[in-house]
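Here come two complexes built around chain A, the first alongside chain B, the second alongside chain C.
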Partner chain A sequence: MATLSIKSLGKTYPGNVTAVQDVDVEIADGEFIVLVGPSGCGKSTILRMIAGLEAITTGDLHIDGERVNDREPGDRNIAMVFQNYALYPHMSVRKNMEYGLKNEGLPKPEIAKRIEEASRTLRLEEYLDRKPRQLSGGQRQRVAMGRAIVRDPKVFLFDEPLSNLDAKLRTQLRAELKALHHRLGATFIYVTHDQVEAMSLADRIIIMNAGRVEQIGTPMDLYLRPATRFVADFIGSPAMNFIEGTVGEDRRSLAINGTQVLNMGQELPARAGAQVAMGMRPEHLGDAGGADIQVSLQVSFVEQLGADTVVHGNLSGGAQPLAVRLHGVHASEPGSEIALGCGMGHVHLFDTATGARLN
Partner chain B sequence: MVENRPFLTFLTHAVLIIGVIFLCFPVWMALVASTHGPEALSRSPIPLWFGDRAWENYSQLLAGGLPEAGGVPIGRMMFNSAIMALVITFGKIAISLISAYAIVYFRFPFRMGFFWMIFITLMLPVEVRILPTFDVVTKLGMLNSYVGLTIPLIASATATFLFRQFFLTIPDELVEAARIDRAGPLRFFWDILLPMSRTNIAALFIILFIFGWNQYLWPLLVTTDESLYTVVMGIQRMVNAGEALPVWHYIMGTAVLALIPPVLVVVAMQKLFVKGLVESEK
Partner chain C sequence: MQKRVVFRSRLLPYLLVLPQIAITVIFFFWPSYQAIESSFFIEDAFGFSREWVGLQNYFELFDDPGYLKSFRTTLIFGVSVAFLAMSIALGLAVAANRVVKAATGYRTLLIWPYAVAPALAGVMWYFMMNPSLGIVAYWLRSLGVDWNHYLNGDQALLLVIVAAAWKQISYNFLFFLAGLQSIPKSMLEAAAIDRAGPVRRFWTIVFPLLTPTTFFLLVVNLVYAFFDTFSLIHATTEGGPVDATSVLVFRVYNTGFIGQDYGSSAAQSVILMALVIGMTFVQFRYVERKVQY
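Take a look at the complex of A and B:
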């Protein structure tokens, strides 16, 4: 259980390759933080710097008020779970969990007690004497978690722990992980590239792009008020629709490609003549009747998901791709047109050049 | 796979059986010859079945002191061979494990330089560097000793290279997990790397033991003291026994005895050996 303070953290590799820069975040005791972003955005590098596996180039890292920049990974009181499990292949499950504790010099009865507790929590009792290769992927990942739990660390670090598992198991372990966090009350830092995982697990999400933090906030912050176009695009599935254009003189219209004009029911919060990208989530598009913004969608194909139907197509009379998520089962012929509307409250407006939010 | 046809099964078996006979015939001849008297072997045709002097020949050989073999008892020569083969094997495995560990897991100046230096020596067999090595051994006063017999043969580029390749296949995450588990470099080596290399070590043990046991040229050069002769040298000396006729029954008996230790090593470690060559553990 610990607080974590990260101040202007940066990592530069030899050859002046900057992987991470200017990361500032205060993590409260017992918080579940998820680092999310596309591959190569530096999220794993941050995690590895917290673990001590990667040297910190600039900035400071404090765990519980103590500066740990120069401490060995073993002395930081952290535990880490790896994507490929990283279990010792020649040791039994019990030995795998014991190893770190033995190296710490814990007395034998204490070790036995902790392993018993952890294996009960993770339902691993019957596998204690097996070797990792005799276990399934999900079981192996549970052993890796067990190895972390028995150390009773201040901070748990997870590096894409569920990426090697199949979809069903992933959902199941996600729930277990959430329950585990609840029970242990420890600080969790979790790296993933999967936004669904991030949304469902996190207390707060740190969303990264190209080595920089784009936004830090609760899942609903990120969903309802994305700070940048990148965040808006990354969070949500199917992804947000963007219509790029120029704000008209009366600020009540958007000119697309100079030909098509989209009329608004309200004034846009941008100056006349500004280049903007207007974002609307597929699930916020609905009945056209009386909505602030009215669009017409020309259907190209339909995804029937049962509970929802996702209709993909273009803005009628243009090439702007557009998707809408409709509740229940809908049959739409390719080529047909659907009239849709969106309330102003669900419109996200971004500057085309900088990607910054305008409303 | 190939289709299962009776004719093909017959053919493959026939080829295999012929191959086995071809390979085993010399061993068979040695076994048979060691059970006959000297006259039986200088006559034509050579006998193909066991004679009646097995007991006599082998007890003669083991009791030792055959003038034809330079008077050195076989037991003594077998002992020397065993010492030489074992020291070379253990020495090679230990040194190459440690140097591969250094090259793969530690960052030090000229790391790749050292690796290439080791690698280049792969291209120089013992025979090529035998003169300078002999010179060094002489100047260090190591002639006629077990030290001189074994140490120059211990450094091994092949084994170092093999262990390096194996260590490179071990995922980085495992090393990192060990660091988080507070395992220092020595602990990591002892607790994780060594057990994981078990099958590789076994495979190398067999290869190196046979290599050490069969050394001929080097012992011939550095030993003049009869009490340090190895069994392979002993056989050679018996064949070249000057004016006298070669004592084939004794020579073959010695050869059979010299075969036993390598065979025992192979039989004992065969399972691990195959695993080491075939399996790549996850």
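Take a look at the complex of A and C:
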């Protein structure tokens, strides 16, 4: 159990590749932090700098108040689960889990006790004498987890640990991971590119883009008040609708394509003539009757998901794509039009040029 | 999907493998048969007459202290060459693996010795170590080592061991480097997080994972040292002084072509043949079954 303090952390790889810049975050004891972002945005690099596998170019890393920039990975009191699990193929499951404990020089009875506990928790007792190649993907994943647990580290690091598994197993292991975090009470730092994983696991999410932090907050912070257009677009599925336009003279309307004018019903927090993107989540569009903003959707195709129906199309009279998520089963013909509305409370306004939130 | 090729004519498939079979029969089976046959005869030096003697050639060999000593010399030679060539190659491969970018250039340089003909390698070492004009012999003397492999049998053996090992290092290096590069980096990182230092990581993770490569190379190196070092020894020490470096293959040549005792020479090659077959068998058996994880 530990606190982490990351101050203006940066990484430049040889060849002047800047992978990470100016990351600042304070992580509380026992927090479940998820680093999320598209592939190549620097998530793994941050995790590997915390683990000590990659040298820190700039900034400071403190674990429990101690600066650990120059400590060896083995001396940081962390454990890591790799995407490919990195199990030792020539060792049995038991030997895999024992390895770190033996290196620490723990007494044999203590090692046996820890392995017994961990293998019970992870339901690995039957497999202790098998080699990794004799296990399924999900079992290997649990061995990797076991190898981390027995070490009893202050911080657990995970680099996309579920991405090599099928969807059903992923959902199941997600729940197990959450339960494990609850029981261990340790600090977890978890990397994923999957926003659903991030939303369902995290106490707080760090969302990254091109080596920089876009926003840090609880899943609901990110969902309800995305700080940037990037965050708004990344979180939520189907993705948020964006309608781009120019704020009218009265600052109460939005001109789209120069022709169509959308009445906003109230004053916008932007100057007249500003270029803005108005974001509305598909699930927040609904009945037109009496709503602040009224739009019309021209249907192009329909996804029937059972519980929900997602209707895709364009804003009528324009080329801007628009989708709506309707509760239950709906039949909509391609080419038909649906009148929709959205309350001002569900509208997110972003500066088109900078992507910053305006409201 | 049918993956096997179906021939319309029955003759064609046999025709296609015929050249390979012909080569095998003419260059391998026929000489082997001749060797086995000759080993049961005693023949006069000019090949005018021969006499069936059964296993007498073999019995004589195992009564001959010279032959038994040659067995021992071969064993010492083979094990030393394999150990030396493999451990140096492994050390170089580990070093090369650390600088992955420079590895190609490094690899090219290290492959050169393999391209040198065995006899030339022998001559080169012969000159370097020559007691009167060799540079290495000169250095050794300035270090207080009295180097003269013409007189000292142990030194002569050491010389051919070093020369033979030197030839084999590049081959081993390539295999070890490939083996090292196939070990996922994350596995070593996991071990580092598991508090294993570099030396411990090497002996508990890297070395065990190289076992298949090591075993394969061990057999290849032993086969090389036992059977493929004739020209090198011939060019350096000619089996001497006395017969200090007279390994089994060299002895086959000496007995047959110098001593003109064809029967005994044939019996010796049959024994060598049995050794190769035995080692190949071990290799197939173990590489496929035992040495995997």
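In this section, the second predicted complex is superposed on the first by the 359 of 359 C-alpha atoms of A that agree within 3 Å, B and C clash if a C-alpha of one lies under 4 Å from a C-alpha of the other, contacts with A are read in each partner's own complex, and residues count from 1 in each chain.
Operating definition for what follows: a residue touches a chain if its C-beta (ideal position, glycine included) is under 8 Å from a C-beta of that chain, and two chains touch if they have at least 3 such contacts.
In this text, all values refer to a predicted model and were calculated from it rather than measured experimentally.
Taken together through their common chain A, the two structures put chain B and chain C in a clash.
Residue contacts after overlaying the shared chain place A:V25 against neither chain B nor chain C. When both complexes are overlaid on chain A, the residue A:A274 reaches neither chain B nor chain C. In the superposed model, A:A51 makes contact with both chain B and chain C. In the overlay built on the shared chain, the residue A:A239 is in contact with neither chain B nor chain C.
In the superposition on chain A, the residues of chain A touched by chain B in one structure and by chain C in the other are 51-53, 72-75, 78-80, 82-84, 86-90, 99-100, 103-104, 133, 147.
Those residues of chain B whose C-beta lies close enough to touch chain A in the complex are 171, 173-174, 176-183, 187, 191-192, 195-196, 198, 281-282. Put simply, chain A touches chain B in their complex at residues 51-53, 72-75, 78-80, 82-84, 86-91, 99-100, 103-104, 133, 147.
Listing the residues of chain C that touch chain A in their complex gives 184, 186-187, 189-197, 200, 204-205, 208-209, 211, 293. Touching chain C in their complex are the following residues of chain A: 51-53, 72-75, 78-80, 82-84, 86-90, 99-100, 103-104, 131, 133, 147, 151.
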